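Please go over the structures that come below.
Look for subunit A in each of the two complexes below; its partner is subunit B in the first and subunit C in the second.
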Partner chain A sequence: MASAVIQKFKRPLLESLLAIILGFIVGAIVMAMFGYDPIAAYSALLIGSIGSLDGICESLANATPLMLTGLTFAIGMKSGYFNVGAEGQAYLGAIGAIMIGSVIHLPYGIHLAAATLFAMFMGAIWSLPVSALKAWRGVHEVVSTIMLNWIALFFVRYLIEYHYYEPGRAERAMPVLPTARYQVLGASLTTVIFVAVAFMFFAYFLLWRTTLGYELRLTGSNPEAARYIGINSTRVIFLNFFLGGLAAGLAGATQVLGRPPSWTIYKTLGNVINLGFDGIGAALIGRNHPVGIIFASIFLGILSYGAKFMMYLGVDPDLTRAINGVIIIALSLPELYRIIRRFIVGREAE
Partner chain B sequence: MRRKISAITKTAAIVIAIIIIVAGVGGFLYWWTSLGPAAPRKIKIAVVSDIGGRGDLSFNDMAFKGGEEAEKDFGVEMIELISKTEADYVPNLETAAKDPDVKLIVGVGFLLSDALVKVAMKYPDKNFAGIDTYSQSIVKDKYPDKYPLPNLMDITFEEHKGSALVGAIGCLLAAYYNEKGGNYPYIGGVFGIEIPVLWKFEIGYKWGCDWALKWYEKKFGHKAPIIGEDSRYGSGPNWKDGMYCPPETPGECWYKGRVLWTYTGTFSDITKGYEAAKPMYAKGAIAVYNIAGPLGLGINRAVKEIAEAKGLKMGPPFWIGVDADQDWINPGFVIVSMVKRVDRGVYYATKLTIEGKFRDVVKEYDGVMTLGIGTKILGTLMEGISASTLKDLDEFVEMGVRAEKLTGKKVLPMPPDQIKETVKKMRESVAPWIWEAAKELEDKIRNGEVEVPCVFTKEKIDYWRNILG
Partner chain C sequence: MKIPKKLSWFIIGVAALIGILFSLSMVGIEPRDLLETTFMAMTPLILAAVGECLDEKAGVVNIGLEGIFLITAVTGVYWAEIVGDGVGGLIIGGAIMGGLIGLFFGIISTYGKAAQVVAGMGLNVFGLGFVPFLMVALWAFPGIHMFDPKLVIRTIDIPVGGGLFRLSPITIFAIIVVIVVDIILYRTLLGLRIQAAGEKPEAIDVAGVNVNHIRILASTICGALTGIGGAFMPLGWFGGLVKEITAGRGFIALAAVVFAGLDPILAAVSSFIFGFSEGLAFTVMITPGVKEVVPHYFIKMIPYIATIVALAIVGSKRFPKALGKPYIRE
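What follows is the complex of A and B.
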């Protein structure tokens, strides 16, 4: 059994390993070109991010939202949809968490659960227009999700500025009350990571162990067959995007209910912005598989936290980001290649 | 075929794994040896930016400039840490605090207040300073038994004094152009959200105008035309010759109502800045003071519109910059800026750290070092507020050139030399006594001959609004 599992995952693991090396080598070449010492920079990155308990905690805290937004994208891919709406849905999740967490008074535990669930619900609500437009008007999800991301950005900024601002502090929303905060484990890592991981396994179970999940996946892998056996495509669309919205909403909530020291969102949305897009990277690296995405997110979390230590050595912060980008691209190449190939093969078959 | 590939990948994987291990060990050794007891090492200071980062031509650039000056004068080494989002503040501060050579960590901007408290408590051996922050008041609220935290210093600025300087310049401008036949009965101020910090600006600005009109009267033996004498500002039992003489200040009269002011309720909606400034100019405000950060761009838009409609190359109308030297944004139309010398803040914090006096200052002043005009810290003059000069402009244009190189985006509105030339011409186009008066006010504030009211309570703001309008 164990050897079968290893056999099954050997190829993707090897591919990913190769991609990591490739990415790091290209990054090293780039740094050397700009006159930095790549070995010093990389060792600073690794020692900084996983060389201490604090570093590990920070890296995991960075990873938490990415696994969820990665899941949003991955669920979409399973049914053949290119769902890039996690970005906006995460904003909605964050403000949803504020709406319950900052304003309403409830006992600890209930408050936390209510705020978390409402945040997920808000994220999911934001997916409904996407599903409706796709199911009944045939609007491509890339178009509608990107547009809704922008609407979410300005809508949430409006809500913060006019309804949920912290009195006396112009720059952010009211922090959530102590009864709506996840327990701090160390540095900025909180118990919300367990909720995130639990949700990942819930998604895994749903996709691979239920009829519903089978329907979702069959729609993606063989739409013709799905239609033939009578799978209701409208239902699949709504379910898929709704699930993705729940995950993205939870991702937004992690930054508010589970991230010290601010426990709120800034008007710039600086602490939730780009989570959705970075999640796509996590999904590609993790092969659109919940377990893969967890590991991919942790890797990305390490990279983003460790990058500060590269910057500390004087490596230009923008170059640091470029190097991270190169590594991420290299890692997503295998999955990208598969997606593109499937797309082309699919075309030819038609 | 399939087998072959897998064999190749397997070998490749092993080779690569070895490379990783070697590189990792090598890297670790490199790092380890670099920690060894080498030659006496430089003291480091770290400057953590807020989300503006390098190239903002404001607080962050000024802080880095202060760090560079400290490098030159004290032989320290500055580490720059840029925060891309708000979530970076704590990790950036911590990264710096972990370096054994770093003695001082500076957080730039009030957004870092909470993060500074958190990290300063965790690293009691390091000195932390915040520019324009209110960290110690957070400590006072949350951890009253630890207040004031001995290793944490908020560096604040006397905005009321700087606002008085630019208020004086504004009202004298109106007087000057009215002499030449203009009709400028007001100056204006566009404010952000009404928080107590902004009251300091508001009353300082109004007070400066009053001081200047009185100065004019004394110097020329008559009241300033229109803005000094008109009856439009009020009439009734307590009014005399366009001045308000309230019973609260027996024997003293004030130039009330010369400042048009609006709190827009936002620090981000640029359109609101435009909407607030436009009617002010329409009513005859010669200059509008920007006390709402980016809303200054909205004021600038209003000015540009008037300039285009009338084909002007130079004000009036003008606007007045804040925080940084903003004279370069629209050369010829920004008469002056109220500058908070963030660079001095970083410089002095470094100096105090090197001299070992940092914690004494924290103790002496409850954790808040206020820099202004004529301010002394432990007996030494340390200033941090000024009205912008042409020399400041040179520095900011330089920053702009650097920012353009850094981002590849156009920052400056025209070539550097042309900016300097235009601003110089603008300043020379108005009467020299305006600048002399501002200098005189500055000196008087420094000597303590006059005192600008510093307002941050509801009670006081009501009192001063009654007197000055």
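What follows is the complex of A and C.
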């Protein structure tokens, strides 16, 4: 049993590891090209992120939203859609969390749940135009989601500047009230990570253990067969983007309700921006499987938190996003694994 | 029969444009400023959209246009500073650099059998991270770089109605590219082969033409044109560089391609429409009496909303049969 499981996951695992190694190699080459010391930079990254308990907590806190935005993308891929709307839906989730968390007064517990659910709802609402355009007008989801991401950016900035700004500190929105905050576990890690992980397992259950999930996956893997057995494609479209929206909305909420010390978002949206795009990497490294995504997100969380320590060597931390891009490109190449294996083992694989 | 129909649409379009401009001038929006910005905003869109049309006709879908825009905007400025000339930067840092990215993308989509949409998105994510890194590495300052105004590509100034209408020579170049690509695609053997590579790759393979070479060529041209568009943004239009300079225009160009159903001329027309919506946003934002009433955030949404609405109106179109599929000989 155990060996069968290992056999099943061996190839995807090796492919992901290979892509990650390739990403780091390209990152090192780029750093060396511009006169930085790659080894010093990478060791600063690792020592900063996993060299201390605080670092590990911060890395996990960074990983939390990536699991969820990764899930958005993964559900899309499983259903056959390229959903890159997590970015904008996360902005909406963040402002949704503030709408309930900062303004309304409720007892602890209820307040937290209400703010979390409303954030998810806001993320999901933002997915509806994508589904409608896809189902009824055939508009490609890549274009519509990216356009909605930009509209969300301006809309949320408007809401912060005109309606939810913190008096005296106009650069950010009102922080959420103490009754709408997840408990701090250490550094900026809060109990919201458990909510995120629970949502991942909920998604796993839904996709692999229910008829609805089967319909989604069948539409993704074999649309002809899905149509033949009478699966309603409009329902699949709406369900897939809606679920993705819920996950992305929750991702936005984690940055507001579960991220000290600010407990809010800045007008620049600096603490939610690019979560959606980093999530694509998490989904692909985790092979679009909820459990895989959790581990991939932790890896990316380490990378993104540790990147801050490369700054002491003058390296811009955004380089890790470039590494993420290389990993995504490497994972898009089915031939890569075969070529490298042949190179190393000296014979044709399979 | 085909040409008169196109011509009549052209006349209707121009009449509608004059009507819109006239009615906008009633609320105090200067038509000259509006058209000037429209032509500027249209230029990178046209270049990328026409390149993508060619690429998709050949069967390669590259959604990494935004990534190419980002990277070439930086390399364009970098090379312009080295060469000491804006057009030089546009050629080396834009066309050549973009062409190399396109070549790479072509190779991985053919011989590498890449999942092209995933690879394209990877290119975008790469650009998103690489550009801020590159800006710090090159100029040791995060996120923004001002360069010598002498490097900005000179515009052609046409006196119109008591003022000057500034037209970039690159805009004229872009329009020429549209015509050239249209002729290549529909009137030459190479064009026929490009179309076959996307529609029925077996056919040209049997005829002894290498499908992969055709696709790599198309992808390289697409990259080069997109690269010129990317370098044009700082060097021909804004006169400065920020890390968010592209602002999703790579995806608006993709939308223009979808809107046009892969026809280069229609892609140019839709680029004009999207450019116009952007020009409108820019002009409205600085028009007294408007900027006080409507928060500028809503005006900034106009191009993106226009893109969605335009796509919703045209709906889905027919695309080449072998689009996005690597060619594997049976």
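One rule holds for everything that comes next: the second predicted complex is superposed on the first by the 314 of 350 C-alpha atoms of A that agree within 3 Å, B and C clash if a C-alpha of one lies under 4 Å from a C-alpha of the other, contacts with A are read in each partner's own complex, and residues count from 1 in each chain.
Going forward, a residue touches a chain if its C-beta (ideal position, glycine included) is under 8 Å from a C-beta of that chain, and two chains touch if they have at least 3 such contacts.
Here the structure is a predicted model, which means the values were calculated and not measured.
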Of subunit B and subunit C, which one touches more of subunit A's residues? C
Look at A:F309 in the shared chain and tell me whether it touches subunit B only, subunit C only, both, or neither; answer first, second, both or neither. first
Based on the superposed arrangement, let me know which partner A:G281 touches: subunit B (first), subunit C (second), both, or neither? second
First, second, both or neither for A:E161, with subunit B first and subunit C second: both
In the overlay, answer first, second, both or neither for which of subunit B and subunit C A:L148 touches. second
First (subunit B), second (subunit C), both or neither touched by A:Q183: neither
Once the structures are superposed on A, label A:K267 by its partner contacts, choosing first (subunit B), second (subunit C), both or neither. first
Partner chain(s) touched by A:A44 [first = subunit B, second = subunit C, both, neither]: first
Thinking of the overlay built on chain A, is A:I21 touched by subunit B (first), by subunit C (second), by both, or by neither? first
Report, in rising order, the residues of subunit A that make contact with subunit B in one complex and with subunit C in the other. 161, 314
In the complex, go through subunit A and note every residue touching subunit B. 10-11, 14-15, 17-18, 21, 39-40, 42-44, 46-48, 54, 58, 161, 168, 170-172, 188, 255, 259-262, 266-268, 270-271, 273, 305, 308-309, 311-312, 314, 317
For the complex, which residues does subunit B have touching subunit A? 6, 9-10, 12-13, 16-17, 19-20, 23-24, 26-28, 30-31, 34, 51, 53, 79, 81-82, 84-88, 90-92, 94-96, 99, 111, 114-115, 118, 192-193, 195-196, 266-269
Show me the residue ranges of subunit A that touch subunit C in the complex, using the header's touch definition. 30, 34, 36, 82, 84, 129, 133, 137-140, 142-144, 146-151, 154-155, 157-158, 161-162, 274, 277-278, 280-281, 284, 314-316, 318-336
Help me check something: in the complex, which residues belonging to subunit C touch subunit A? 63, 67, 108, 111-119, 121-133, 135-138, 140, 142, 247-248, 251-252, 254-255, 258, 295, 297-298, 300-301, 304-305, 307-308, 311-312, 315-316
